[in-house]
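Two complexes come next, and they have one chain in common, chain A, joined by chain B in the first and chain C in the second.
Then we have the complex of A and B:
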């Protein structure tokens, strides 16, 4: 370039990114106007025309459905305990990374780490704050404060506990007790309110988590079966995987709704949420099997050969060498499957008549105070927003993890 | 000198082959026992309640109507299931075509050098991909189609060629000839286009003169379709509001419209990510070589990068197509009479639930297997042609 007066950086940027060619200029103007119009309408809707009082009034219904009022504190207690639990897992993992010298946090100062957390979970934190601001009672505030304190406390405790060395007779029962805490919380909650009455967003979150955890054993077994040299086993696994993957989840839910009575004695015919969770589990297992199969295929042959030459038994080869690497490699894909299941839990409302959050958000527009006022847009926007925040945060975390694990780059 | 090979047969309880078969048979037996238990319960319950287990219900009268369809209630269930299957295909095929177009454009947009286009595409993908399809569908059906569109009395008629109302959407359509004739014209036109383009490319390769394949082929296509249009006596009919109905043109059912839009919007966001990933997976040298040949940016994208990207994209695209077909079952919640809804209604009207749903599932699984076979064929073809 021989121009005497160098153009300002901003002008260069505009030329490069907005008006490179006449066609580019047309695109910029058309889509720019479109974006401005949509943003304007959206902002106007959110801050001016929308009538959010329907959300404020029904916040409890949307979140936990008809959960008995006097048992609400149990949810708070369970949340706080789970926060301590989750925090201590973080602490244990960190301590382990420090021991192995793979920690990336050690060099970061506390403000940097806080900034990193806010960047990663900022939208989630803002959403929780928004939900708290919509509440009219102090309970949720206390729960949130307790959960934050609990998580920090758990993180510190976990960090300390993780530094110690435990003999085997202590470590194994300790790990089991630790793993049993969420299960204990589940029984603590159904002791007050049976699973059949879990509704609202609570149902969506719980069903997704239960489904993804319960599908694990079956999914891994199916993956191993499909890769096995045993013909009959391979045939059965493949048939299961392909049939389930070929069927729509919605039809399976309808089937669980109308025809499960035929197949199990009425005395043990489960409640609707159990049916939903069992269907999610069996459905997701087929998809998880394909993900795990991908992970198994990514393990170099030399790993198995090395394990075999060390004289490890087939079970040890699998449980100590192959599966740990295979499962670690597909963690991002598993998170993707979890997100997909989380979104699919909304089908339970339509398929089984469960009052999940989407069903609640439709039902509350029929309340006497709000009927016939076309508030479905507000309630659906709110529901969609919560699902979006959850899925978006998880998908970004999974991308981060993918980079960290270096899947596909090693 | 030969070393005598000593083959010691291990006892059966240590023979790996025997053990493996014993293990497989045990697993199979466990599965079989569970199935037999379930089936035994089923037989017992069915016998107790007197519900038939066979497929005779297919011959019973349907006893319900599909709105906007000249379907009579006395026709057997068999026919209504076929109708439902056709409706599934109607929404799936149109949805797949539109979602591919929209998704490809957005996927390219995510890599555009234009900042505005890139930002809009990214926001679209990140928003739509992370919201449940059922919420999008409910929103479009209850919020947009039934609420934002006007009633039939005050329907919008943009330019007088279409009618938009919450009782249906009318678009211009052909009249006079049959659908088969139209299909015939399109097939002749497209085959001719392909043959002429091939011939022109051959000529161009031999003599070096410009191939102008698009010009000759497209011209042939237009000549065939326009000629046939008048030869067969086709005409155009535009929709008008007549009383409380839409007359003329083609009426699109609100539930079909909502389902189609939701499926396209949702699937396009997934397809966009696939297209973006595939474009990024094309070696950079291809683009640089195209630039060195002085091809224009759009030529580089459409003639060099995209054809190679699509080859990478075929398997995941096939997965998305399968998902779209399966997701079309959600239309059942919004009064669209596709396969699932028809099955559900016919079960509500007295058809036995287990055989009816088994049939529906079998059709879905068959459709999925067929689609994956087609995708595999396409995949193999494209890989062979290119390398």
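Then we have the complex of A and C:
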């Protein structure tokens, strides 16, 4: 533009980035209109036409299915204890970082730290608040308040405990007791409601977490097996990985549903959630094995040679030198696989007839109050949204973890 | 029998109490023979510098001494322990033998102090406090105590190599093997690493050093070994070696690099 003496920066930016050539201009106009239209429809759906009362009415069903009402406080208590547990892990990690001088929190002020937490978990917190606003009873509020207080308390406790030094005879049993807390919570819950009756979002979350925890060691072992010098072990690992990776997860779930009855009487056959979790574990382990193998291959030979030349045993070479680096190098891919697993838990509904969140969100549209009103869009959108919040938070945390672990290592 | 072989045998038998013994060692990579009938004995507190053109088997030879490579024939013993298939023997030899690599091979995910204390704590079960005290001593000896809490990626090449030396020394080895320790360094950093190695030699460490640093060989070596095409061609004192080499191949090599 030669006519205007000094075009404003914004105008320059628009011209450069949106209307550089006639073709660019056409694209800008077309996609601009499309974006406006989609946004308008979306906003209109969410705030005007959608009838969210089906969610509010059925929130308990969506979250925990037919969990017995009188046993709901157990979930709240378990959540609060796990919040204390999780908080104290944060505290322990922080204390360790301070000891090693790698803490980035130390130089952060309280407002920055709060801002950091909001950036990390803002969407999660906002979603929890939204869910709380949809509830009609005080129970969930009490649980949420308890969890927040518990997490803060745990953080403080962990910070103090992490500063102390423990002799080995105290540290090892202490760590074991600490690791056993989530398992204890599991038994506390199935004491009231057996695993076979865990439904709704609770099932999805539990199946995903159990699957992630169980598939991890199996995946690492398979990866090591595939690189083993022992031919039989290598062959078996490779065969397992390739067969499982070649099978659709949904088919495996269907198989888990029907095939066990051929082999064992139904009275002693494992319950459906167990079958689902086992299938998820075996399936994800095969993918994880390939991811871990990639990580193992990224470690230069010199690392192992140095470890060997120092006289480290083969187990120590792996556990102290190779695996820490290999697993760190493939964190994004690993978390990606875990996110997949989390979302794939919705296949258990149709595959095994478990009333998971997706199954609930379909079932509730058939209730007398809502039947024939086409509310499936609302319930599916809500379900998709919750899974997105979970997945997105995991993804963000994985990026952060990767950044943090990368500090000072290369 | 050629002159060179006689020379080697004559020299090898001179060593009274050998810490490292190689007898008739052969090593193949596929059909390529990397080591041909290697005979060498190295005495306590001796510093032996191995020189020779690239591909002559220098690195392969010292990598056989701590079993990073397996020899195919002959006998290798370190401090009286023979290297066989027995994994316990191999582990014992590796505990007694420190190795410094061309590429440093520090553990990038561990801080400097953890790099140095890892092996003593894991292999020798030294308590943490004791291991760290010893590590700080060693880091002072290689002149970088102030870097203890840093990570290898934050150090210069010369500093990294000195940490690698400290890491090996932490196992209190009887023998130190150096595989071209200065070849990957920028010129201005070579000196600081060689200085540390000279200190070590003066302190009486038994060392085998594969290097192209002729100044170091002249100044520090008790004996110089010249290798070519997988064979030990000539062994002698630095004076003999640099002033009066006997073999044609030695003369040619020295004329190329000096």
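What we mean here is this: the second predicted complex is superposed on the first by the 394 of 410 C-alpha atoms of A that agree within 3 Å, B and C clash if a C-alpha of one lies under 4 Å from a C-alpha of the other, contacts with A are read in each partner's own complex, and residues count from 1 in each chain.
The criterion applied here is as follows: contacts are C-beta pairs under 8 Å (C-beta built on N, C-alpha and C of every residue); 3 or more make two chains touch, one makes a residue touch a chain.
Owing to the predicted nature of the structure, the values given are computational and were not obtained by experimental measurement.
Engineer: Just to be sure I read the superposition right, which of the two partners does A:328 touch: chain B = first, chain C = second, or both, or neither?
Structural biologist: A:328 sits against chain C, while chain B stays out of touch.
Engineer: On the A-aligned overlay, A:320 touches which partner chain: chain B = first, chain C = second, or both, or neither?
Structural biologist: It touches chain C, and chain B stays clear.
Engineer: In the overlay, answer first, second, both or neither for which of chain B and chain C A:113 touches.
Structural biologist: neither
Engineer: Kindly classify A:44 by the partners it touches after superposition: chain B alone (first), chain C alone (second), both, or neither?
Structural biologist: neither
Engineer: Determine, under the contact definition given at the top, whether A:404 touches first (chain B), second (chain C), both, or neither.
Structural biologist: neither
Engineer: Between chain B (first) and chain C (second), which, if any, makes contact with A:249: first, second, both or neither?
Structural biologist: First partner only, chain B.
Engineer: Applying the document's definition of touch, where does A:306 land relative to chain B and chain C: first, second, both, or neither?
Structural biologist: second
Engineer: Return first, second, both or neither, reflecting whether A:34 touches chain B, chain C, both chains, or no partner chain.
Structural biologist: First partner only, chain B.
Engineer: Could you say whether A:96 touches chain B, chain C, both of them, or neither, answering first, second, both or neither?
Structural biologist: Neither partner.
Engineer: When the two structures are laid over each other on chain A, which of chain B and chain C touches more residues of chain A?
Structural biologist: Touching more of chain A: B.
Engineer: Would you mind listing the overlap between the chain B footprint and the chain C footprint on chain A?
Structural biologist: In chain A, nothing is touched by chain B and also by chain C.
Engineer: What residues of chain A sit close enough to touch chain B in their complex?
Structural biologist: On the chain A side, the touching residues are 16-18, 20-21, 24, 27-28, 31-32, 34-35, 229-233, 236, 242-243, 245-252, 254-255, 258-259, 261-265, 339, 343-344, 346-347, 350, 358, 362, 374, 376-377, 380-381, 383-384, 387-388, 391-392, 395.
Engineer: Quick one: which bits of chain A touch chain C in the complex? Just the residue numbers, please.
Structural biologist: Counting only chain A, the residues touching chain C are 100-101, 300, 302-303, 305-313, 316, 320-321, 324-325, 328, 408-410.
Engineer: Residue numbers of chain B touching chain A in their complex, please.
Structural biologist: Listed in rising order, the residues are 20-21, 23-25, 27-28, 31, 38-39, 41-42, 45-46, 112-117, 119-120, 126-127, 129-136, 138-139, 142-143, 147, 297, 322, 326-327, 329-330, 332-333, 340, 343-344, 347, 353-354, 357, 360-361, 364-369.
Engineer: Which residues, counting only chain C, touch chain A once they are in their complex?
Structural biologist: 66-68, 91, 94-95, 97-99, 101, 103, 105-109, 111, 118-119, 122-123, 149-151, 153-154, 164, 167-168, 171
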